[in-house]
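Think of it as A, B and C in the order they're written, each chain with its own count starting at 1.
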């Protein structure tokens, strides 16, 4: 029986990523390889960025506004807590069954999962700005818009970015099981080990972990660049 | 073993075995797209008992182990300050890696089953508990520590009798987040055959049965809510001085 | 310490919710064990399985792939062997045939039910036309190959299942589709949905492309459980179905399968695959019981059982039990 080794090894996984392998399933087609791996990485990033973008568009302005006005604390914090409690597997399964499969249906739902951390952190980030500083700014004659832009936002950046990073983590993680709803992401290697074998399984896990860490790293860098120097000195 | 054994003369199913079915007469649970079937739910609710217990078991064990490890690490790092950034980074890595990937990274080492699930879930809780514990300890005002030192407390006494009690609210806050997250993520344990409520979402044809998915998700959310509220009350009870200040 | 009224109410509510969760858990706890009780006595009815005390020293783990028809079969065998006096556990969650075969070889499970056609095409590399359409011949073909690796396969079930290209009745009418060959010239406009391994399997997409010469507008991999959902939602023009699916009879006004006129989808009867050594150790009742209980599994019965689990959402365990009792195997 022609089949790859039944034991996974890191070497085998790396080989899988870069070179096409004999499939466990006969039919003459090979699986894995660089093209497929790249395809799935792109697919994963695609749905992640789409969902993250949607979540930002909806949740960021809303959270910042609520924080600025000091309204809706219960709502914001409540959503944050509730969001953490939602099981992603159930969300993906319900999308697949009730709404439909494919990127068009899955991305908005992933965005929903990302809304919770962003809205909470945007709210808290703005709220915890020292009121004295805001008063001083107003006293200096700044209009409301300038107060938001030049005072509250920069001071809120660390917290807000924390929310964005949290959203990214949950979206990347849920995107991993998106193949159940017909979206081709790296989870394909993991969920379909009958096709890709043990090496493919390990390869998928490694790639997902790397992707998540790289994205987190990129966002951390972004946060550093956005954080004003004064704040950086303060937290150093 | 090359010839089939002689068989007993049974094998005909009884008269009423076959049910008549047609598109119009399908019960709620057979129709695709039905969001929730109350009758089915009422009749089959006991199906969720064992998975719920399994789920609870996994969650409690994971959080317990995660807490013990993270707490110990925090105490250690509180004393040895230079350890703090690397430990924060290390626990951060464990938090960033999606649990499902982590499950399968460990597969060659620990195989399928509950142990792998518990290790991964515990690792996931480390960052939040570690970070909150450190934060709680750091937030103790220096004046209080000075006063204690002035009263003759040893560093160990300061830690256990002054710093930690003051840090409890922060620690419990971290524990709350850890528990709620773990309850939700534990649904993925089904993917490595570790049981839990995920079996009622993904296993055995449940994937296309919204009623079962919704029930399982509802139990997960209720469980998370219950734990969150209990811990929140503990958190409030643990800060009598704050309440006194409000009066 | 005076505790605030509101706080007390919050605490009470939390404890109530917790109690509710634990109540649900306790209420049903222990009902759904995967370990069956051993030693259920045989009934007086003719053909009932009799418990043999010699078997109680043997532990068996019955596996199956993780879709309903397989789980039902696994449960039937497990409950029957349990009645025969064995200590039986189940592992009805193996992802695919390769995973299942590996599980048998490594001793993780004692055996599992496999489709003869799948074994021949997937494990032993036969082309679909080389698979015999006679159940006994196909079984002997497979058994001969299995024996090269120290495994064996028991005689086949009466019913057989095959992959099939399915669609909605509207689509079939629109394009005048009755056989798979009718798709020639039309398939480029149609999307096909199937399980991920379908792409590679000769009795699935690979065969449709190679042996029927069909090209589809797109192939979309989805979980097996969604094969009817995607048709229903209008996302899929074509979907890979199974000939034993209950939806085909219960909803025959909605779904239809195209006839496999080129015989690319060989029908497979189920044969129980196990290690020779395991069978020897377990004694003659192992094979005897399995062959005994599958006698009654003709196509109509299998479809009824599939219907109970897939449509009415009964558990495979309950459906298996109902079959065993109705057919007189269990008292």
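Heads up, the rule we're going with is that contacts are C-beta pairs under 8 Å (C-beta built on N, C-alpha and C of every residue); 3 or more make two chains touch, one makes a residue touch a chain.
Just so it is clear, the model here is predicted, and its values are computed rather than measured.
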- Message: Measuring between Cα centroids, which chain is at the maximum distance from chain A?
- Response: C
- Message: I'd like the most central chain, judged by C-alpha centroids against the all-protein C-alpha centroid.
- Response: B
- Please work out the Cα centroid separation of chain A and chain C, and write it as a whole number of Å. 36
- Query: Taking each chain's centre as the mean position of its Cα atoms, how many Å separate chain B from chain C?
  - Reply: 31
- Query: Using CA atom averages as chain centres, what separation in Å is found between chain A and chain B?
  - Reply: 20
- So chain A residues touching two or more other chains come to 96-97, 180, 191
- Task: Give the residues of chain C that touch two or more other chains, as numbers and ranges in rising order.
- Result: 223, 226, 229, 233
- Task: Two or more other chains in contact with one residue: find those residues in chain B.
- Result: 32-33, 207-209, 225, 228
- Query: Residues of chain A touching chain B in their complex?
  - Reply: 7-9, 81-82, 84-90, 93-94, 96-98, 169, 172-173, 176-177, 180, 187, 190-191, 201-202, 204-206, 208-209, 212-213, 216
- Message: For a test of understanding, state which residues of chain C touch chain B in their complex under the given definition.
- Response: 1, 3-4, 7, 10-11, 13-15, 17-18, 20-22, 24-33, 45-48, 66-68, 71, 92-93, 152, 154-155, 223, 225-226, 228-229, 232-233, 246, 249-251, 253-254, 276, 279, 284, 287-288, 291-292, 295-296, 300-301, 304, 307-313, 315-316, 322-323, 326-329
- Message: If we count contacts the way the header does, which residues on chain A are in touch with chain C in the complex?
- Response: 1-3, 6, 23-29, 31, 96-97, 100-102, 179-182, 184, 188, 191-195, 197
- Note on the structure: chain B residues touching chain C in their complex are 1, 4-5, 7-14, 17-19, 21-23, 26-27, 29-30, 32-33, 40, 44-53, 56, 193, 203-205, 207-209, 211-212, 219, 222-223, 225-230, 232-233, 236-237, 240, 243
- Note on the structure: Given the complex, residues on chain B that touch chain A span 32-33, 35, 92-93, 95-105, 107-108, 177, 180-181, 183-185, 187-188, 190-191, 197-198, 201-202, 206-210, 213-214, 216-217, 220-221, 224-225, 228
